[in-house]
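Okay, handing you the structure first.
Labels run A, B and C following the written order; every chain starts at residue 1.
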Amino acid sequence: MTRPRRDPTRWLVSLPPTLFLLAFFLAPALLMVLASFRHPGEFGGLAPLLVDGKPQLTLETYRFFFGDWIYAEVFLRSFIVAALTTLFCLLLAYPLALTIARSSARRRDLLVLLVILPFASNFLIRVYAWIILLGPPHLLYTTFAVIAGMVYVHLPFMILPLYTNLEKHDPTLLEAAQDLGADAWTRFWRITFPLSLPGIWAGTALVFIPVLGMFAIPELLGGTGDILIGNLIKEQFLDNRDWPLGSTLSLLLTVAVLALAGLSVWAGRARRGGI
Amino acid sequence: MKRPMPPAAAIIAVIFLAFLPSPSTAGEDDVLHLYNWNNYISPETVARFEASCDCRLKQDYYSDNEEMLAKLEAGAVGYDLLVPTGNAVESLIRLHALRPLARERLPRFANLKAEYVDTWFDPGNRYSVPYAYTVTLIGYNVEKLRERGLPTDTWALIFEPKYLEKLKGRVSVLNSARELMAAAMIYLGHSVHDTDPAKWDEAKRLILRAKPYWATFSNSTYIKDLAIGNLWVAHGYSNDMFRARADAADAGRPFHIGFTIPREGAVLALDSFVIHRAGPRPDLAHRFIDFMLAGENAADVSNLIGAGNPNAAAMPLIRPDIAADPAIFPSADEARRLQMLKDFDVHSRRLLSRIWTEIKVR
Amino acid sequence: MPLGAGSDKSAAGDRRPSPAPSARPGRIPWLWLASLAVYAFLYVPLAVVVLFSFNDSLLNAQWVGFTTRWYDKLLHDEALLGAAANSVLIALTSASIATVLGTMAGITMQRWPVGVLRALPGLVLTPVAMPEILLGVSLLIFFRQVLDLTLGLFSILIAHISFSIGFVAIIVRARLAGMDESIFEAARDLGASPWRTFRHITLPLILPGIIAGFLMSFTLSIDDFVITFFVAGVGVSTLPLQIYSMIKVAVSPEVNAVSTLLMALTLTLITLASRLAPDLLRRSA
């Protein structure tokens, strides 16, 4: 064991992204944390922070949120929709990512590009295409339409990390297993799948989380009951002009997501530790 | 050792850049920045103004007042002119965001009809010059409703199960707590300004009873759905219904779209030009407002999108079929049943949002 | 499933001396079928978009007749073309910068999870976990009320970089995870400087991740509406903002035409790029 040398590279590599995010993400985000404790302005926005030199802070917005079950219900629904979307994305992405990863190097590039290409069009256009498609079979304005749209829009975010992971697998492992008589299913289940877990987790994070904040798809494809947390947040900032409530909802969502992520990391560690 | 690969990103970037047209910037000297509703002024009128003032008019667009207010409240600056609705004008005035008008620079102000000046949101028109109005009403498929023997001039059409049974899945209502509650309150015989929680609860129950029959909440897609024939009844804005009617006719659909102001009353939205305090060119802004007050320019908005017009000088230049449409230019009698929305206070806004969430979830 | 497993077993039976290509683990028919189905899922809605860009009907509910008038209209729409140019410029610049910063963050997260750097994943991943609208509002308030910055291309650029970094970092880190650390150590032991190790060992290994990250940031940027809406300055528009305002009125086939051109452009440029620099996207191990 050698103690790692004091290494200037570490700081050269880690400082630029850290500083950038501190300045242009953390600082603005803290403003919004503060906003969740402030009073809403009479005409929208925020009421003055200081009145006669005294800070005007309140827990009222949090009390309002936790005052009844309605908001928790919206959270729960959103998590269910996000989980379903992630699951379908995974089911669709896996065979494709596997095919791409196992094709010849030359063809691989083309296949990856074919995944990206639809996303060079426009988000709203892709959603409108679904309006046209789902209209005639009377599937528009249903929860099914919402999930179909969500899966469609987020699919590459599952395919790309999965593919990057699967591509680096060592094919000799599979050949060895084959030589030892393992059938295709066993080879997949015992070798490919466990090795691809980091890719699955990355893809899950990239799909699950953005779905929670999405509001355009439920609005355009959903029926009268399809409301997600993203709609609720958008409403506070754009329709209702209640910034403290909007900030509170966003922060609680962020906390819930990070807690979930932490939980899965912890569960993963615990399991690995047990083996 | 292997030759290092060229950084892919850089190469793609260089190739992309070679194909790039120069990005647009707004660097000219005489530019007037208008933050406007989409499709509110025809390109011909813009060209005429640019010729007359030897300047450029640049427009950014918004699709509802709250969107515009949210941006301004967070500190966006640089717009000279805005076209907010009455309640938003009031908010902007109270926020000290507007510049008082120099009336002597608006000689054509006298063209405005008396009933649209000196309104509650800006007594004496110190800040605002009315430009156009729309009514929130019911648009419908004429043939489908006639076949089913349904009335077209009452809010009961979107609230009463006895009618909705014949329309299940063919109705959309606005995705706006304010507008939908206002319609429910009007139908129940209350004022749209009422914030009594008991009355709101009554309205909520009315909405929840009707909700199972509705297809969706929609703020814009109903235009197309009506014109195609997917929806038979839509709660929405008169100018949108005008568009749906024209689109259905242009596409030769085998039916007609009609729209009527319900007899119980409806919401009126009056949009006005106002000058932002931080705008760099109040001089051009005044010239533009006065230019738009001329009859031939003011008539634009009615001919273009079927909005109502507060300008008397514009009336002779408006297409006769539009000028004669009672849903666009209501009679004095009908006009009395129209109410403008006012902004609620913080407390009521939050309560309404809570009710709205419940309506969506249940 | 039984079909794939069965055919594979029979192939395995006679595969002794040299592995025939058909016996390679990738050649499973149902896998190809499934992949084709997923491609179909990706492309059917797009086919509708492209097809309807040639439809001679404003309503675009059914096929009426062939026309190119939406393209004519488009080519004379200055506002739209200007917005498209802005979008491409912003997407390229922000994706390039975010790719560099995100790769650095990904490497840091994987290699040095020590000391204060242990907090980096939180900093990198939270923007991904945060609702876009909150990012948009918070950046707008920050730019205007704290920095007193005039909004414009620059503010959009900063915003796009800050939400893209996390996406790149996640992918690069997933690529690095589970890689055999001993090669890096071997390089170090052989006296390679950290830069040389990175240039000749790490970079080639993580390049697919970096390219995927770049493409993803590019896509995110060129497609972003919510955040851009808040931080865009007066008179500076991007394609999504422009399309949004067109769509609000009712979708005109002009919007389909824009999308079709955008896809055609991307396809051409990428094909061109791979012709001009053949080993650009190909990774020979």
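Things worth noting here:
Keep in mind that, in the parts below, contacts are C-beta pairs under 8 Å (C-beta built on N, C-alpha and C of every residue); 3 or more make two chains touch, one makes a residue touch a chain.
If you're wondering where the values come from, they're calculated on a predicted model, not measured in any experiment.
Set side by side, A-B and A-C show the greater C-beta contact count at A-C. Set against the C-alpha centre of chain C, every other chain centre is closer than that of B. Mean C-alpha position of chain B lies 36 Å from that of chain C. Centroids built from CA atoms put chain B at 34 Å from chain A. In this assembly, the C-alpha centroid of chain A lies 15 Å from the C-alpha centroid of chain C. Contact of a single residue of chain A with at least two other chains is seen at positions 135, 237-238.
Shown for chain B are the residues in touch with two or more other chains, namely 70, 74, 228. For chain C, residues that reach two or more other chains under the stated contact definition are 61, 137, 141, 244, 247, 251, 265, 270, 281.
Only residues 57-59, 61, 64, 78-79, 81-83, 85-86, 88-89, 92-93, 95-96, 99, 137, 140-141, 143-145, 150-151, 153, 199-200, 203-204, 207, 210-211, 214, 229-230, 233-237, 244-251, 265, 269-270, 272-273, 276-277, 279-281 of chain C touch chain B when the two sit together in their complex. Those residues of chain B lying in contact with chain C across their complex are 1-2, 4-6, 8-13, 15-17, 19-26, 31, 33, 35, 38-39, 58, 60-61, 63, 70-71, 74-79, 220, 223-224, 227-228, 243, 247-248, 250-251.
Chain contact summary for the complex, chain A toward chain B: residues 39-45, 64, 70-71, 73-74, 77, 131, 135, 140-141, 219-220, 222-225, 227, 231-232, 235-242, 245. Contact residues of chain B toward chain A in the complex are 64, 66-67, 69-70, 73-74, 91, 94-95, 175-177, 211-212, 214-217, 219, 221, 228, 230, 343, 345-346, 349-350, 352-354, 356-358, 360-362.
Residue ranges of chain A in contact with chain C, taken from their complex: 7, 9-10, 13-14, 16-18, 20-22, 24-29, 31-32, 92-93, 95-96, 98-103, 105-106, 109, 112-126, 128-130, 132-133, 135, 152, 155-157, 160-161, 163-165, 167-168, 171, 174-175, 178, 183-185, 187, 195, 198-199, 201-202, 205-206, 209-210, 212-213, 215-216, 229-230, 233-234, 237-238, 243, 246-247, 250, 253-254, 257-258, 261.
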